[in-house]
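Naming follows writing order (A, B, C and D), and every chain is counted from residue 1.
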Amino acid sequence: MKKFSYIHDFKLWEKEFDFFHSIKVRFSETDMFGHLNNTVPFVYFEEARIEFLGARGLQQEWLSKASEVIPVVADLQCDFLEQVFFGDILSIGVKVDSFARSSCDIHYKGTKQDGSVCFVGRGTLVQVSTITGKPVPFTEAAREKLLGSSKV
Amino acid sequence: MKKFSYIHDFKLWEKEFDFFHSIKVRFSETDMFGHLNNTVPFVYFEEARIEFLGARGLQQEWLSKASEVIPVVADLQCDFLEQVFFGDILSIGVKVDSFARSSCDIHYKGTKQDGSVCFVGRGTLVQVSTITGKPVPFTEAAREKLLGSSKV
Amino acid sequence: MKKFSYIHDFKLWEKEFDFFHSIKVRFSETDMFGHLNNTVPFVYFEEARIEFLGARGLQQEWLSKASEVIPVVADLQCDFLEQVFFGDILSIGVKVDSFARSSCDIHYKGTKQDGSVCFVGRGTLVQVSTITGKPVPFTEAAREKLLGSSKV
Amino acid sequence: MKKFSYIHDFKLWEKEFDFFHSIKVRFSETDMFGHLNNTVPFVYFEEARIEFLGARGLQQEWLSKASEVIPVVADLQCDFLEQVFFGDILSIGVKVDSFARSSCDIHYKGTKQDGSVCFVGRGTLVQVSTITGKPVPFTEAAREKLLGSSKV
């Protein structure tokens, strides 16, 4: 198995996912090489991350017009392991892998119908003040929501 | 030549374009059939329309935060005549074909490097009040700007 | 109700849909006006059309590598009736509205959760030979599949 | 300045770019947060990378139907430094940062009109056999082309 700087033990890493979002590959997302264009998994990450945050009870707060904090994606990365094709139904696992004061590291795992992992990825999500534009530390309540049952 | 309900005389119609915007087809805009995905010309229409409105001196006004009117696309259509491929450099012609009180009919013509017309299209642009949400008649000055030199 | 050149009686037209595909609006499909970008319904039409053709038993045949005929989209159009927002869950109705020898007119209806119709559209699908590039008449069996139970 | 695992000395790193590709941000590439959606820089990376490979004389070879090797993107990452808005004209710098036997590390730098760096990124490009699917070492000639004048 290929090595990833952000995954120490792949088997352990895999086990920690307990949120999954299903996405079917669109025809318009393929390219002339006949497979999923490599820019599209980032669209899937965004969709799955938002569903994850919603399931954890945080998206509602962050999307509220009155909210003084919003989540900002500071970086994103993806490793492509297997080709993905039109019509494939992918399961996108999402989890919070670690926390800093006002940011967290969100990890992603894309799996095909046959159980093979087709891509993995990660990105930093920073909680930012809509007023000052500066990072805002997560409350203990928000941390607990983000972790969900996955680390309990 | 195929017939289009919105083009009476193709030769005459073609001659009325005097604004052209150049777009190079991206790899990510192709699909597994090996050509430009048929949803992408609408993205090109939007890009070309905005460049056209900017060149006519209207986009600045409409995009200003203080503007009380905005342009709204009420409908869009495209006829596909020739396949388009990765790397093709298209010239997208844009013109105002006709006016109603508070809307205009914008026409598009996509041409390939070899001069062949690869797609044609049209769409209604309505000027709407940001306050009432209702259509607002174009001023005489706005009509003149939109027509530019094409009908003078 | 607005008039559409391709819809004679809206109430009757609506009743003829018996295939529906559900799509949730992605964050990345919105634009800075805060709503669904108007180029995206065409992506939804493609996704829904392919699901429809699959449900009618035709997509498998057309996507087979051995197939000597493929479906080609000759034109597309969309009328935008209501703004659509991030997270909206749309039901996209698809039906074959009429037939010509080697083409059919596919109609679309997008409905929001509250039952309001947010966009309608149509497009011609032509059956083309992969060998000659010319239109190929539908077989009687294909016509029956395309019509499904909707006109029985 | 933020730290990046793939950039040791930012000033030195910046100086090594000698290929730049210009891209204007499309309206359809913004999202409801009012700025460029964070999935789009990867589309820009692909467009700029292909232009870079073309300028280096490699894209023609790789895109030729007779080619027995093709470039495959093994991973991609992007760090977002500044918000990007509709109409911004970005300069995307591309360079080969380092080589392995059959792969190279391509780096990207996105700069706004005012000279500020809005995003940086990288990704591994692997040369793969279309017959065996296995990595194929770069020839000396290909390495020289990829490096261009930047490291001479």
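Convention: a residue touches a chain if its C-beta (ideal position, glycine included) is under 8 Å from a C-beta of that chain, and two chains touch if they have at least 3 such contacts.
Here's who's who by UniProt: A, B, C, D = 4-hydroxybenzoyl-CoA thioesterase family active site.
Note that the coordinates shown come from a computational prediction; the quantities given were computed from them, not determined experimentally.
Colleague: Between copies subunit A and subunit D, are the contact residues mostly the same numbers or mostly different, with half as the line?
Modeller: Over half shared, hence same.
Colleague: Could you pull out the chain whose C-alpha mean position is farthest off from that of subunit B?
Modeller: Greatest centre separation from subunit B goes to chain A.
Colleague: Out of A-B and B-C, which chain pair has the most contact pairs?
Modeller: Top pair by contacting C-beta pairs is B-C.
Colleague: Go ahead and note the Å separation of the Cα centroids belonging to subunit A and subunit C.
Modeller: 31
Colleague: For subunit B and subunit C, let me know how many angstrom lie between their CA-based centres, rounded off.
Modeller: The answer is 23 Å.
Colleague: Provide the C-alpha centroid distance between subunit A and subunit B, rounded to the nearest whole angstrom.
Modeller: Spacing between the chain centres: roughly 37 Å.
Colleague: At least two other chains touched by the same residue of subunit B: list those residues.
Modeller: Subunit B, residues with two or more chain partners: 27-28, 37, 39, 43, 46.
Colleague: Any idea which subunit A residues touch subunit D in the complex?
Modeller: 5, 33, 37-39, 42-43, 45-46, 70, 73-80
Colleague: Contact residues on subunit D for subunit B in the complex?
Modeller: Interface residues on subunit D, with respect to subunit B: 26-28, 43, 46-47, 50.
Colleague: Where on subunit A does subunit B make contact in their complex?
Modeller: 27-28, 30-32, 34-35, 37, 39, 86
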